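Okay, so subunit A shows up in both of these, paired with subunit B first and subunit C after.
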Partner chain A sequence: MKKVKVAFFDFTCCEGCQLQVANMGEMLLDVLDLIEVVEFREVMSEKSNDYDVAIVEGSITTSHAVERIKKIRKTAKVLIAYGSCAAIGGINGMKNNFKLKEIREYVYQKDAKHFDTIPTHAVHQVVPVDYTVPGCPVYIPEFIQVLKAALSGLPYNVPDNAVCVECKLNENECMFDKGVTCLGPITRAGCNSWCINNGNICYGCRGMVSNPAENGQKDILEKHKISLEWIENKMNMYNKSRELGELK
Partner chain B sequence: MGKYVTLKKSDFNEFIEKLSKIKPVVAPVAKGKKSFAFAEVTTGEEVALQYIPTILPPKKYFMPQKEKILEFDKKKQDWTPILEYSEKIIFGVHTCDLAGIQSLNIVFTTKPKDINYIVRKDKLVIIGLECNNYCDEHASCAVMDNHLPNGGYDLFFTELKNSFMIHVNTQIGDEIIKRIKLFQEAKKQDFQQLDDLRAAKRKIFKDEVKVGHEGLKNLFDKSVKSKVWKDIDSRCVACGNCTNVCPTCYCFDVKDDINLDFNTGARYRVWDSCQNENFAKVAGGESFREDRGSRQLHRFMRKFSYPVEKFSRYFCTGCGRCSRTCMAQINLKETINALVKEKK
Partner chain C sequence: MGRNVKVNVEYLTRVEGHGNIVVNVKNGKLEECRLDIVESPRFFEGMLIGRSIFEAQHITSRICGICACGHTLASIQAAEDAIGFIPSAQTTQLRKLLLHLENLDSHLLHIYLLVAPDLLGVKSFVPLIKTHNDVVRRALRMKKSCNDVCDILVGRHVHPISSIVGGFTKLPKEKDLDAMLSLLKVLRTDMKPTIELAKTLIFPQFERETEYVGLVNDSDEYPMLEGDLGSTDGLRMNKKDYRKITNEFIVSHSSAKHAKASRESYMVGALARVNLNFDKLHPKAKAVANAIGLKPITTNSFLNTAAQLVECVHSLEDSIRIIEELKVKGVDRSQEIVVGLNENGAIKVKAGTGVGAVEVPRGILFHEYEVDKKGKIVNANCIIPTGQNCNNIEKDMQKLVPEVLDKKQEEITLLMEMLVRAYDPCISCSAHFLNVKYING
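Up next, the complex of A and B:
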């Protein structure tokens, strides 16, 4: 099989998801048998305008980034939104909690006028995306799944059921039973309840299920004496950009 | 009446140690504050003799959450069926879970027979453990008629004052008794204690809902248009907890996974849930059960109506796991009582 040319790009993010590629260990060697990495800022200095697959990390937060992602979309045959920032806006979406002008001045102070900024958008809110790997950071087994799907031209759908499903199969004690609030019931599965398996709560980094049953969720909050405002704050840590439509 | 032996409580630790030398032993162990799970043990101290139903039922040993069923090689046009199994002794199975295993046995041995299940089941030794009292308020084992042993085990332990009374039900069970040599013959006073215990249990365990065993099917059959499902629809969050923890839910999905060589790979069977958003979705994007109320109705019908028609048996064991685990406090006993109330 001819090697597929793959380029990694980063927008507003910590580049930690790309670092996960380096953490793959031995499997990385198998992956490198299939792909030729032509651009990857974290590991090489070469750049390229000739690639089949673009793996995009980070959210779109400036008009310059809008132009850049449009260009990448034009060149790439396949575009993969990689990591929470690219998939759902992620942590950067917290910017959207504030008035744009105010937050810009708060961050850049007197130099604010030199720094262009737009509300935080997920990649799919700006250009069409073929595959999505949510997660902060991405869960490598899922990335491998997506890579395999992309290279063989098959679709990959991020599961649309709650993290609770996987968490139960892993037989974890429920965080709510421990008296801790967890976003598992509204967050999309696919990470094999990675955080809860390791004693942490679910922070909702994979985005919300498409049909999260608002009333039912309110009952749960009431049962556990959790205020709506508090849980909204928790949800908005990763999911604030969901409120935006496509970038016009 | 069968064969009965006794085991001194002081010999219990040694029993588990010796048992684990025959085959790996799994038993309920404490997990966190108020949860339990079946896990491998080598000493009696690890075993939680007083436990409420485990997070997942022992179903996980009979049909694992993820099971490889075949391997394939595209270039060679070759596929090999795979049968995954392991020898185990499951100690401490409550009567509700014994009923669950019996239900699964019926499903998977009815045509089309499931060879993987049947082979795996035959590698598992089951040692039951009697509940002398209710585990908690969620149990409804009496109305489901599962509070007393109804078979389905190799050995069955009942805790008496200073000893365990053990019913030897199969040859496999008998071999274990002979091999471990810690047991005494059951005496008259042991039988008396067992009889007293069962008599006391008959007083403690009463129908937990406002309808009797026989009336349950009819209640559900006539409930299809009930408002109760509308209420449940607004509360359910479709997390799928209720079906995943159910000892008789057996729905699965089959998934292929190709290796990075894009040639070899494997096919897996994984648990699925009728509560999941996409479970009843078909080509074209239509879903047969779009709202959560209809999915919950379906779940209840799969316990109280359909299996009665197909297998002459309720598929609710009364273990209470679905109520215990529900994020939204949808409660089996309350649901049944609400249907009864509405009917009146």
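Up next, the complex of A and C:
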């Protein structure tokens, strides 16, 4: 069987999702039996303009990046948005809470003018995306599932039910009952309630469900006396880019 | 007439983040020699403004996927210092363990996957799957073990979950301690051939005296999490005075901000730590240092990789010691905390400013936050190891280029790449903050 050529590309991000690939251990070698990685700058010096699948990490935050992702889209038969920054804009979206000029000057002061920056966009807001692996970082079992789907031409849909579903199956005590707010009720499952299993709250890194149980959520907020504004501020840690339309 | 050499490496590979190397020699004279950081800015310090201090760790961990635990710990230290929270002895012990695990994990990645290909004459670890299959398998196995231990301790290595301001949201049970211990003991058996392999690698010859900066203390402990700031030129000060060390300044040829302390540049990282605190290394680590001929003060920057190997042994052995001690004492799991955004006021908050100074794989990392009385962040500053090293990297390049001008252009390029890679630069980290140089295009 001819191996499918796969290239990894990074945009604005921490590169932790790429690192998750190295964290697969020897299983990575099994994956490499099926695919030929032709470009992966973080760990390889090889470069190539010939690939079938582009795995794209990071969000689009500069005009240079807009041009680059368009070129990648032209070459790739399949494009996978890999990790929250690529999938939903992620943590970089918090920048959109501020006026660009102000945040640039705060961080870079008088050198600010040198820094090309546009509002943070998810990849799908700039070019069409075929598969999405959300998560900060990605959950490797889900990535493998997506990779299998992509290689065999099958669709993959990110679960559209709340993290709470998985959290219940994992028999965790509800964070609201412990006296803190959690974004589990409105965040897409698929991570096996990773954070709550480890005693922390859900920060909403996988993006919001398309049809949140609005009334149920309101009941929870009322019961625990939590303001909408408070929840919105938390949601905006990962999900701020959702407010933007497609970048023309 | 001397020679003309032009080196232009766009998007240096096998480093974290985007950087370019520019060398320009005209008529045998070095005209230009720079490391340009072209990572897109992310504005983390700005994004923190107005957020709760209890979110700072979660956000700043996302500065870097490789040193996520290091950012976490520096962030927590700064946050706790700002609000006046004092962690328990058990919490401190577990944080030291976490720091060791990341040091080990990151160094192994660098030695095996990023540096070894250069020394074995290939472009990446991929060709090594065929030629050195056992080595690649060992590397991936060791990396995975570190990762698995982190999974047990804090939920995962890339963006740890349970390590937060105030302590841990989940504490290891007896069986977790056993599982971590057995993983690390297996890793220990793989460390032997790693050392043997390292002994066979030949590093380029190069010497340049510089100042080495890192944490120092008066105890017997090799300082990683706590200590004063010190240097091989004899500086010593409280961490709160970190700006006196980093002294960011602007250089005339670009808008870059560089760092210098007592002389024109300084170096941070494994080599700096080994140079500063050699005597405090674990005896097994010292034995490895002796075997590979690494002793203080080593002034060949390429040997930062060798210093990382020595630290791998130290971090591994000290991790095992910490877990064994925890097993004897038992973990007090009543210290597990539920904090969220501190809605329930579990942690007392006051207005203030705090500094975190933590040794992470690439060197000393500073976080500083100012919070108001409700615990909202009003100011944030982070200074990243690679940012501090940039100036020293350029000074090294400027000394190395004239020494190797008799070599072929490709060899010079490779040497420059190897030099930069030896620092294990974390460019996306450094570029998210102040020490950034802009280049057109």
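Convention: the second predicted complex is superposed on the first by the 244 of 248 C-alpha atoms of A that agree within 3 Å, B and C clash if a C-alpha of one lies under 4 Å from a C-alpha of the other, contacts with A are read in each partner's own complex, and residues count from 1 in each chain.
As a working rule, contacts are C-beta pairs under 8 Å (C-beta built on N, C-alpha and C of every residue); 3 or more make two chains touch, one makes a residue touch a chain.
Model, not experiment: these values are computed from the prediction.
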Simultaneous placement of subunit C and subunit B on subunit A, clash or fit: fit
Touching A:Asn198, do we find subunit B (first), subunit C (second), both, or neither? second
For subunit A as apex, the angle formed with subunit B and subunit C - C-alpha centres, to the nearest 10 degrees: 110
Once the structures are superposed on A, label A:Tyr106 by its partner contacts, choosing first (subunit B), second (subunit C), both or neither. second
Superposition-derived comparison: subunit B or subunit C, residues of subunit A touched: C
After the superposition on A, what does A:Val133 contact: first (subunit B), second (subunit C), both or neither? neither
Which of the two partners, first being subunit B and second being subunit C, lies in contact with A:Ile231: first, second, both, or neither? neither
For A:Gly216 in the superposed arrangement: first (subunit B), second (subunit C), both or neither? first
On the A-aligned overlay, A:Lys178 touches which partner chain: subunit B = first, subunit C = second, or both, or neither? both
Using the touch definition from the top, say if A:Val78 reaches subunit B (first), subunit C (second), both or neither. neither
Between subunit B and subunit C, what is the tightest CA to CA spacing in Å in the combined model? 11
Subunit B/subunit C common contact set on subunit A: 178
Subunit A residues touching subunit C - in the complex, by the definition given at the top: 11-20, 22-26, 28-29, 32, 37, 40-47, 61-62, 64-65, 90-92, 94-95, 97-98, 102-104, 106-108, 111, 114-117, 136-137, 175, 178-182, 194-195, 197-201, 203, 226, 234, 237
For the complex, give me every residue of subunit C touching subunit A. 11, 13-17, 40-47, 49-51, 55, 58-59, 62-66, 68, 109, 113-114, 117, 123-126, 129, 136-137, 140-141, 143-144, 147, 154-159, 161-162, 164, 168-170, 255, 257, 336, 338-341, 343-344, 428, 433-434, 436, 438
Quick check on the complex: what are the subunit B residues that touch subunit A? 31-35, 37, 54-56, 60, 65, 234-241, 244-245, 257-258, 260-262, 271, 273, 276-278, 292, 325, 327-329
Which of the residues in subunit A come into contact with subunit B in the complex? 1, 27, 30-31, 33-34, 144-145, 148, 151-152, 160-162, 164-165, 168-169, 171-174, 176-178, 184-186, 209-213, 215-217, 219-220, 223
